[in-house]
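Letters A, B, C, D, E and F mark the chains as written, and numbering starts fresh at 1 in each.
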Amino acid sequence: VARKELISHLDRILQSKKIRDYCPNGLQVAGSETIQKVVTGVTASQGLIEAAIEEEADAILVHHGYFWKGEDERVIGIKKERLKALLTHDINLIAYHLPLDMHPVYGNNVQLADVLGLQVDGPLDDEDLSVPGNVGRLPRPMTGGEFSAWIAQCLQREPLHIGESGDTIETIAWCTGGAQGYLQKAVDAGIDAFLTGEINEPAVHLARETGTHFFSAGHHATERYGAKALGEYIADEFDLDVTFIDIDNPV
Amino acid sequence: VARKELISHLDRILQSKKIRDYCPNGLQVAGSETIQKVVTGVTASQGLIEAAIEEEADAILVHHGYFWKGEDERVIGIKKERLKALLTHDINLIAYHLPLDMHPVYGNNVQLADVLGLQVDGPLDDEDLSVPGNVGRLPRPMTGGEFSAWIAQCLQREPLHIGESGDTIETIAWCTGGAQGYLQKAVDAGIDAFLTGEINEPAVHLARETGTHFFSAGHHATERYGAKALGEYIADEFDLDVTFIDIDNPV
Amino acid sequence: VARKELISHLDRILQSKKIRDYCPNGLQVAGSETIQKVVTGVTASQGLIEAAIEEEADAILVHHGYFWKGEDERVIGIKKERLKALLTHDINLIAYHLPLDMHPVYGNNVQLADVLGLQVDGPLDDEDLSVPGNVGRLPRPMTGGEFSAWIAQCLQREPLHIGESGDTIETIAWCTGGAQGYLQKAVDAGIDAFLTGEINEPAVHLARETGTHFFSAGHHATERYGAKALGEYIADEFDLDVTFIDIDNPV
Amino acid sequence: VARKELISHLDRILQSKKIRDYCPNGLQVAGSETIQKVVTGVTASQGLIEAAIEEEADAILVHHGYFWKGEDERVIGIKKERLKALLTHDINLIAYHLPLDMHPVYGNNVQLADVLGLQVDGPLDDEDLSVPGNVGRLPRPMTGGEFSAWIAQCLQREPLHIGESGDTIETIAWCTGGAQGYLQKAVDAGIDAFLTGEINEPAVHLARETGTHFFSAGHHATERYGAKALGEYIADEFDLDVTFIDIDNPV
Amino acid sequence: VARKELISHLDRILQSKKIRDYCPNGLQVAGSETIQKVVTGVTASQGLIEAAIEEEADAILVHHGYFWKGEDERVIGIKKERLKALLTHDINLIAYHLPLDMHPVYGNNVQLADVLGLQVDGPLDDEDLSVPGNVGRLPRPMTGGEFSAWIAQCLQREPLHIGESGDTIETIAWCTGGAQGYLQKAVDAGIDAFLTGEINEPAVHLARETGTHFFSAGHHATERYGAKALGEYIADEFDLDVTFIDIDNPV
Amino acid sequence: VARKELISHLDRILQSKKIRDYCPNGLQVAGSETIQKVVTGVTASQGLIEAAIEEEADAILVHHGYFWKGEDERVIGIKKERLKALLTHDINLIAYHLPLDMHPVYGNNVQLADVLGLQVDGPLDDEDLSVPGNVGRLPRPMTGGEFSAWIAQCLQREPLHIGESGDTIETIAWCTGGAQGYLQKAVDAGIDAFLTGEINEPAVHLARETGTHFFSAGHHATERYGAKALGEYIADEFDLDVTFIDIDNPV
């Protein structure tokens, strides 16, 4: 497929021009003008680029690309290595950050719900739809301990759980990645539990003092599913050869 | 001691008026005008306040107080409970954030070095002294695996280690708390390893691709030592009854 | 009534989520969860809180609450005394600032028009409806001197009048509180007179040089009527016991 | 004297290039290039300009000139009339705002102290010398009522007094003009009374609840003395013909 | 015509209240209240004002007026001379900047297209209609050299051309004045050539490296036509005596 | 020489860490770690990179590099081509913008003075030394016409001259590049003429109305000399092979 056509299709279905973000979305680094072989992944790290070179890919499609607000703009250090590898092998880098968190079908939040069997009841913040994340319910009421084990089984990664393991949990709010700052939204809504990828020190106190369960299940582990789903979609839509490559990350 | 005297002594030795911070430093909530019994701790959580009430303390001295920039200013939810407990029991809340990270004797960074036997060679960023943290060396060259075990033993908490466990480490940069964003400073300086309290997803890639060891040893665990040391100092200086209370926190 | 229900009713009728303001509107300090006895007033001063304690009120409803932009956020000095008094007596503090200025029925501006017999013809600034205040006409044409006496009689407070006491006034613009900065809007609209609660030095020159009458009738005196009217409304609507308490203020 | 010489002399002694202000200081409107006859006053109002034309002045020297931050920049309405009058008559407008508040000899604050017999002990804010105003003592301890009468006699204008008229006052902080926002500085310093030119609604509560006397003595009345003194100085220094003209202002 | 009526008519047809700009639009300097004789021009320079005085005009209508963001606000130097000349002769200054660039009939961009015979196909940036400028086609395909000669003949000014003079050009984007920063928009849209009034160093490289023709035809020369056309319109509409005066400017 | 050593030497002599700029200064794109062959030029355009590849250079040293504030950060279009060419050929890009304008020996301003025989008397703005540019005198008093011809001869490029060609010029202010906005500084200082690389529409009026001569001599033409001189310095200092390549630019 022509790169131009693929990018403008993705921009449109992900509504990327309408979403304010901390990085540019869409084509971030230009490679070859036609694309046949695509590698999808979470983060455009050196490891993922090397895997893409191995696969002779024309494009990498990720959730975490480059050019974050405030980043050093010089092409030195690891940024030089990454860009050199891409440019030398004519590999396009295509990245969607918030648009991929928020998509109602391929988005990280909706895909994570699928993996965990969560029922989606609505957005995390119904007064501000620019906030990613959702509220919903567990597949069935579970104790904190049971749900912790369920997460470990579904994501293949032990979560950190703040809360009593014997309490029963029915309702849950979640947001993939590093969304510990949204815990208050779950508290305000009177939800039993909040799940995200990272945790920080103040969130532990807020969870404990409000009696809200907190599950920290891994930034990478919770954001693995959107890029994979989007890749499967374009494989179908444009008859491309797409491979999802999961570079392991403990965080 | 008169509260006024204690606060103005602390403000002076910690140079708190000269340090820009994300919260007000010094007296944050006013209680009784004289202070005899002080509880020190990391964070002014409900748990710490209740322990202070039990101890019949006149003041709580912490690293993490209240009124962070951008925080909801209303006195509702957990903030109401905390303020009500303090005001009802006439307990002063005294908090020093960055000034306590940076103090050359009682500071979190210098105290952590003491606990881990690290030799302090200089500031983390010698062009910007407003950045907390230090560079230095391990007690003796160790492999990544040995140093990981050493941290676990000193802090009583297993660190997360990114890097090869067989590599030898001699030089180290560290900054207590959530300083994962400073990893680049250690990389630029050519240091073998970086230690802080938290980790995030991009830091894993930066560490791996530059071959810099990263140790995430706990926000709470790395910031436990400054408030304790400062408490011991004022116990001596003003003949106060001071107790350090460690409310456990897994993050 | 449950506090939650009362607040969400007030937030809705005052449209407080849609109005940008210099303070949070709605519940500012949480007290008891049900409310039966309410004291209304202009400003949540120590005097008003003490009167509310005397009345055994569960809630105070005011126009001027706390947590103004740029205010020192520490709980010390008079803020400590006020919060301690509220929290110790479980009194909710409910405050609406701009939303109470602007409400078309209970708002300060419309209520002041009622007290002075002014006919409301439209908003003060018909290009920017976020500006509070109105334009309209006197009950009948009066000289500057007559209208000054009329204000004194209606508000029980002598206004300061800039302008010739013999001139006839028919049209008037007004905005309660400290709205001296809006005099230019009245001038641009060719209105005879402007009335607000405060005056400053440049406004005297602008009034004199454009021949526009200026009446400064007291910040407190002009903003007394909105909280009172809103209190009467909720007394009816929720069958509450509501008392308006006017703590005298010469400004 | 050549205008250029006069302005550069004034800029230097008032250190106007070093003081951040809300308006440009120095020459604001250019008239004739040599200056012999000067009118001084508080505010460059139409009334003052007309008096200067009457006096055949070459320059007006004031505390309140034009071009305030946020002001409409168009030359219409009263601004057109003022500029037209100045430009048609070749009258220079020279204005010093904060530099004239703060000068240690000719400044408004020091000159007001002279008029009221106050002893100057230091700056109002000794940690931030960019804040105008001073702290000091009354000529002798007086009751609130006595000091109120004393102000009325010295300034020929009745002040508004918040506080008990029987209390004795010894120490005082003051800042000319509209400095009601600095009351907290006087409270923090434990001063008995605060005097400025204007008052607002929150200041009344702060004064009452902290037991600090507040005297509001008129914006114009308190700022009359700096321009007058500076005029006398340049009359001497450059052998100019200088007249101070006081356009009455009740605020 | 009454000035008020003329200005409010112009404000309305140019929609000047809805367009964010770097200067105030509409009446900038007030002169006589009725207007009969108008001079139009590009810039309200001293030369144009003197010509207007000669013509005994009541108003000057221009594209470039005064009071640009960041401009020194003092009335000294050339600004004093200009304002003095206007105010002394009671001449109104009326200026429309972006609203005159963008008007679909009298606007500079549409008028320039007329002069050059360009066909207007749409806005320069169809995602952001606040950007002035258009895309379209040449009267007929020409080589770079031919089009350069055509511009010289139509505008009576030699353009600077970056590009091969033998290449054929069909499509063109243009924006009058100093719009060199918009070249990238033409490049992104795949247009053959871009025409504006000024050029700068980076634009030369961008044009060369993307193979886009760049014609720099003079800031003044390209912005001459809007004010002229608008003047002809008001001459008709209000039966005014209107003269366009072109003060030559090589830039 | 090791790249690290060369860069840190240049950073130090140009004091680049102390100068705020619109781009990062020093190493912008990393190539080989040792440097032997250097190409110097004005702008890191595709043309200059290709010349450097031809010359088998290890580094390009320029005045205009990449990563300007506000620039699109994506690696697409001409930016992709430039970076790909650099990274594929392991060529370091070293750029100094303001530090190279301002250096007292190798700086663009001082070097231009040398080429034109101007005597340097001091900085352009002696109250703000962060402003580049100088004031001084012509080699001997010349008429505007003579000086225009002299510039054409020295720089091999016809300047644009605003002013009377018969007037005598003795004093001059200059600033290389696009410094038309600094003309007011020359006017304020009473200098006869101002020379820079570009001109815009308002500068023509300011020059004419104040009687100050303006010479626009080409952005590129005036900024050619600093990079050349710095290249000669490092050739000597580090025994490198350095070639200056002038890619012609009419602006």
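Remarks
Here is the rule we use: contacts are C-beta pairs under 8 Å (C-beta built on N, C-alpha and C of every residue); 3 or more make two chains touch, one makes a residue touch a chain.
It should be emphasised that the depicted structure is a prediction, and the values quoted were computed from it without experimental measurement.
If you take chain C and chain E together, the chains in touch with both are D. Two chain pairs, B-C and E-F, are compared here, and E-F has more C-beta pairs in contact (counted per touch definition above).
Inter-chain spacing, taken between the CA centroids of chain B and chain E, is 61 Å. Averaging C-alpha coordinates per chain places the centre of chain C 31 Å away from that of chain D. Chain D and chain E have CA centres that are 46 Å apart.
Shared interface positions of chain A, i.e. residues touching 2 or more other chains, are given as 72, 77. With chains as nodes and touching pairs as edges, the resulting graph is a single ring in which every chain has exactly two contacts. Touching chain D in their complex are the following residues of chain E: 24, 27-30, 67, 72-77, 80, 83-84, 87-88. Against chain F, in their complex, chain E makes its touches with residues 43, 45-47, 64, 72, 77-78, 81, 160, 162, 177-178, 184, 187, 197-206, 208-210, 219-220, 249-251.
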